[in-house]
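Structures given as structure tokens follow.
In the two complexes below, subunit A is the common chain; its partner is subunit B in one and subunit C in the other.
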Partner chain A sequence: MQKNIQYKGIVIGGSAGSFSLVSKILSQIKDDFKYPIILCMHRLKHIRSGLVEGLNLKSNLPVVEPYDKQKIEGGKVYLAPSNYHMFVEFDATVSLSAEDVLNHSRPSIDYTFSSAATSFRNKMVGILLTGANKDGAQGIFEVHTKQGYTIVQDPNTCDVDTMTKSALQLFSPNQVLTPEEIVVFLNNL
Partner chain B sequence: MAGPTINDIREVTALLSKKLGMDYSNYAFSFLRRRFAFVYNKLKVKNTADFITAINDGKILEDFNYYFPVGQTELFRDPSFWRNLRTRILPKLSDEELVFWFPEVSSSAELFSLLVILNEEELINKSKVYCNINSEKRIQEIKEGKIYSNNIDINKQNFKRLELDASYDKYFKEDRDFTFIYVDLLKNVEIIGEHYFKKVPVDKIGMTIFRNKMLYYNQKLQLNAERHIHSSIERGSFLSLGIKERILDENENYYDLYDNGEQIYKVS
Partner chain C sequence: MAEINFKEFLEELKKHTPYNFCDYSDNSIQRRIDKVLKEHNLQIDELLAKTKSEPEFVEQLVDDITVNTTELFRNKETWEYLYNKVIPGLKSKTNINIWHAGCSTGQEVYSNLILFNELDLLDKVKVVASDINKKVIRSAKLGEYDYKFNAQYIEVFNELWNGLKTNPKPFEHYFNIDEDHDKIIAKDFIKKIPKFIKHDLVVEDIPFYQKFDIIFCRNVLIYFNPELQLKIVRKFFDKLHDGGVLILGTHEALHGFFKTRFVKHGMVYTKSNTFHLKYK
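Let's turn to the complex of A and B:
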């Protein structure tokens, strides 16, 4: 990790099964965490509410489902809304899209990672968590190719390791960490 | 996912604006990058140079108009919106205001969804629905009551969530990759074959349905679109956006929020 770098954002991707893990990370993250966290999780299309409320119950940081063109601010968690893709724009805003599914997913983790890599380049951290399909692998690889800092959850600690193993077949991330180590990493940024 | 470069996009949008008489430069950059890659793929164009050649030859402008706009990929997307429309909005519209406007129809999903709701409420015979569409191919599909659909199960699930008495099969039939609506429902649909910035309906509009269209605009274009629509419809009429869209702060004096959950506004 580059020391003293001012990151523009932390992007986390995981499938629906990563909910408890994301809850755990957000419950243990320090409450003065200064970077924005952009969170893309696979979720049911027709269930609009529940997930953000559930995460807010545990999280030390406020979790919001952003509107299109909403400004990204430090110390907040931005959760991709149900049935929309979520992108990071150059002007540090979120944009949403109802375009077709990618990798059978909307929101697609690949899209979020890819757009963040383009906008933030080396000033981001990408973290890929447990997941049951390959969506997210190509996206975090793009973070890597644009010199972003990349972390993949240790597949031995994943409920389902398809997503993380797909990523590890594409490239070698900066770190492969357990959930506990991911929390320590974030709190030391 | 590496799409065209910034320079490619600048070059192509400038050319398209000249050829089609519309400003394409004010879409969100990430969208243009993605969408041009999508269009290149659909048109089997290898790169920007080939695309520019084809535009200059005039061969692909109609196909561009067909593929570039993003359409809804499912019927009755956000069933709660359609339930609210049925139970809360339609009773507020008087007979003379049963005029609907879709400023940008890029798939028939929203139009067909509305027609079903109107028919169920026995309002279809006294309704008028205007649609701006600038693709001849899309217009023909709508006249045939046809929509490409690879989401039949989702369509049926959404329909079930509407809590109507009717069955899905009353309105729709499937044939391979397409879903067909009974064309009788289209009798009061009037198509305006131009972009909504160029031509708007002359009738007094009761409700404008413009959901998930401004997602792809940048701030400047969204600002202009909201003001243009405001100037085209009467005070007190309804405007619905996508559930994750909002009227920009700069335009908050033009619209009053009527339903926060469904992002329905009233023109002020």
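Let's turn to the complex of A and C:
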């Protein structure tokens, strides 16, 4: 891990089942964590509220569902709002889109990873967590091809390993880590 | 021919077509163009050549790069607020003017008309609805939607009325349901009200002389960069009556100067004559 890199963002993707894992990571992250965390989780379409409140209860960092063109700031967690795709723009703002579902998902993890990879290139870390859908695999692969640092959760520690295994078939990430190791990794950035 | 980038492509497109996508959000417009390239198996310079030689292809391109997602009664809380607060406040007017800017296939136009009918105000309402995309305007006029896809929205419709009113008219009062052909079709009494027109918010002047009580512009501004957003919001502001409302999508926000000129309630923004420096 290159200690001297100033990252523009940490992008995390996981499917609906990753809620408890994401809460655990956010509850153990140090409260002076300096990078923005951009979080895309699959969500159930008609359950609009609850997720951001649930995460905020546990998280050491404030979790927001951003508005379109909101500035991305360090030490905050940006959760893709229900029914929107979330993209990272070149000027480090969030832009939202209501376009078609991708891989049956809106938000789609592939879109968030791929736009972050385009905007942040080697100045980002992409982390792919447990999930039951292949959405996310292609996206984190793009992070890898654009020289971003990539971490895939160890499939042996995943509730459902479809997402992480699809990613591992595409490329070899910088690290394959357990949830505990992901927390340590983030806190050492 | 040297490979051009997507910005150069958009500049060229602006020169020889009626459309200007230069001020759309970079990342999003680039992705939409990439998608078109993939679908048509073209390089970007080939795409450009095609838009020059085949004017009808330009309309197809507009259809491909614009986003047309819309639903009946999307975001229940907006319709509740309209029903409880906004529309009752317009009761005493002789005419109530409404504009759906970026109406797509028209579901929200019909959703709104249903509210007006339930409040016995249908005879006062004048509705215009516009979109950049010819194709969606045609389908908005038809008022025909897939039944299966919309079945969940019929539930949303029922849920909405259960919360608002004891004796709403049933969904079938407003739509014919044709399960055999998997269609729901808006009924004529509601379909004859709106005037649907093709209009591009970005390059054309606003073609309406009247001011509006309600302007819907949901999930349209998100595709524009902040400067273009501001330009369009200024047009809306000028076209609203004092106290008129602008309705945006759930995660859209006003930026810059105009956020001081509207009072925000959820996604409903009320035009105000005073500045709101404490806007949050």
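Just so we're on the same page, the second predicted complex is superposed on the first by the 189 of 189 C-alpha atoms of A that agree within 3 Å, B and C clash if a C-alpha of one lies under 4 Å from a C-alpha of the other, contacts with A are read in each partner's own complex, and residues count from 1 in each chain.
Just so we're on the same page, a residue touches a chain if its C-beta (ideal position, glycine included) is under 8 Å from a C-beta of that chain, and two chains touch if they have at least 3 such contacts.
These numbers come from a predicted model, not from an experiment.
Superposition of the two structures on subunit A shows subunit C clashing with subunit B. Using the contact criterion defined above for the overlaid structures, shared-chain residue A:100 touches subunit B and also reaches subunit C.
In the superposition on chain A, contact of A:81 is made with both subunit B and subunit C. When both complexes are overlaid on chain A, the residue A:142 reaches subunit B alone and has no touch with subunit C.
By the touch criterion defined above, A:110 lies against subunit B but remains apart from subunit C after alignment on the C-alpha atoms of chain A.
Residue contacts after overlaying the shared chain place A:59 against neither subunit B nor subunit C.
Overlap of the subunit B and subunit C interfaces on subunit A: residues 46, 65-69, 81, 83-84, 87, 89-90, 95-100, 111, 114-115, 118-119.
Interface of subunit C with subunit A (complex): residues 25-28, 30-32, 67, 69, 152, 219, 221-223, 226, 229, 249-253, 255. The residues of subunit B lying in touch with subunit A in their complex are 1, 28-31, 34, 70, 72-73, 77-80, 154, 157-158, 161, 212, 214-216, 219, 222, 242-246, 248. Residue ranges of subunit A in contact with subunit C, taken from their complex: 46, 65-70, 81, 83-84, 87-90, 95-100, 111, 114-115, 118-119. Taken in their complex, subunit A has these residues touching subunit B: 45-46, 48, 65-69, 81, 83-84, 87, 89-90, 95-101, 110-111, 114-115, 118-119, 138-139, 142.
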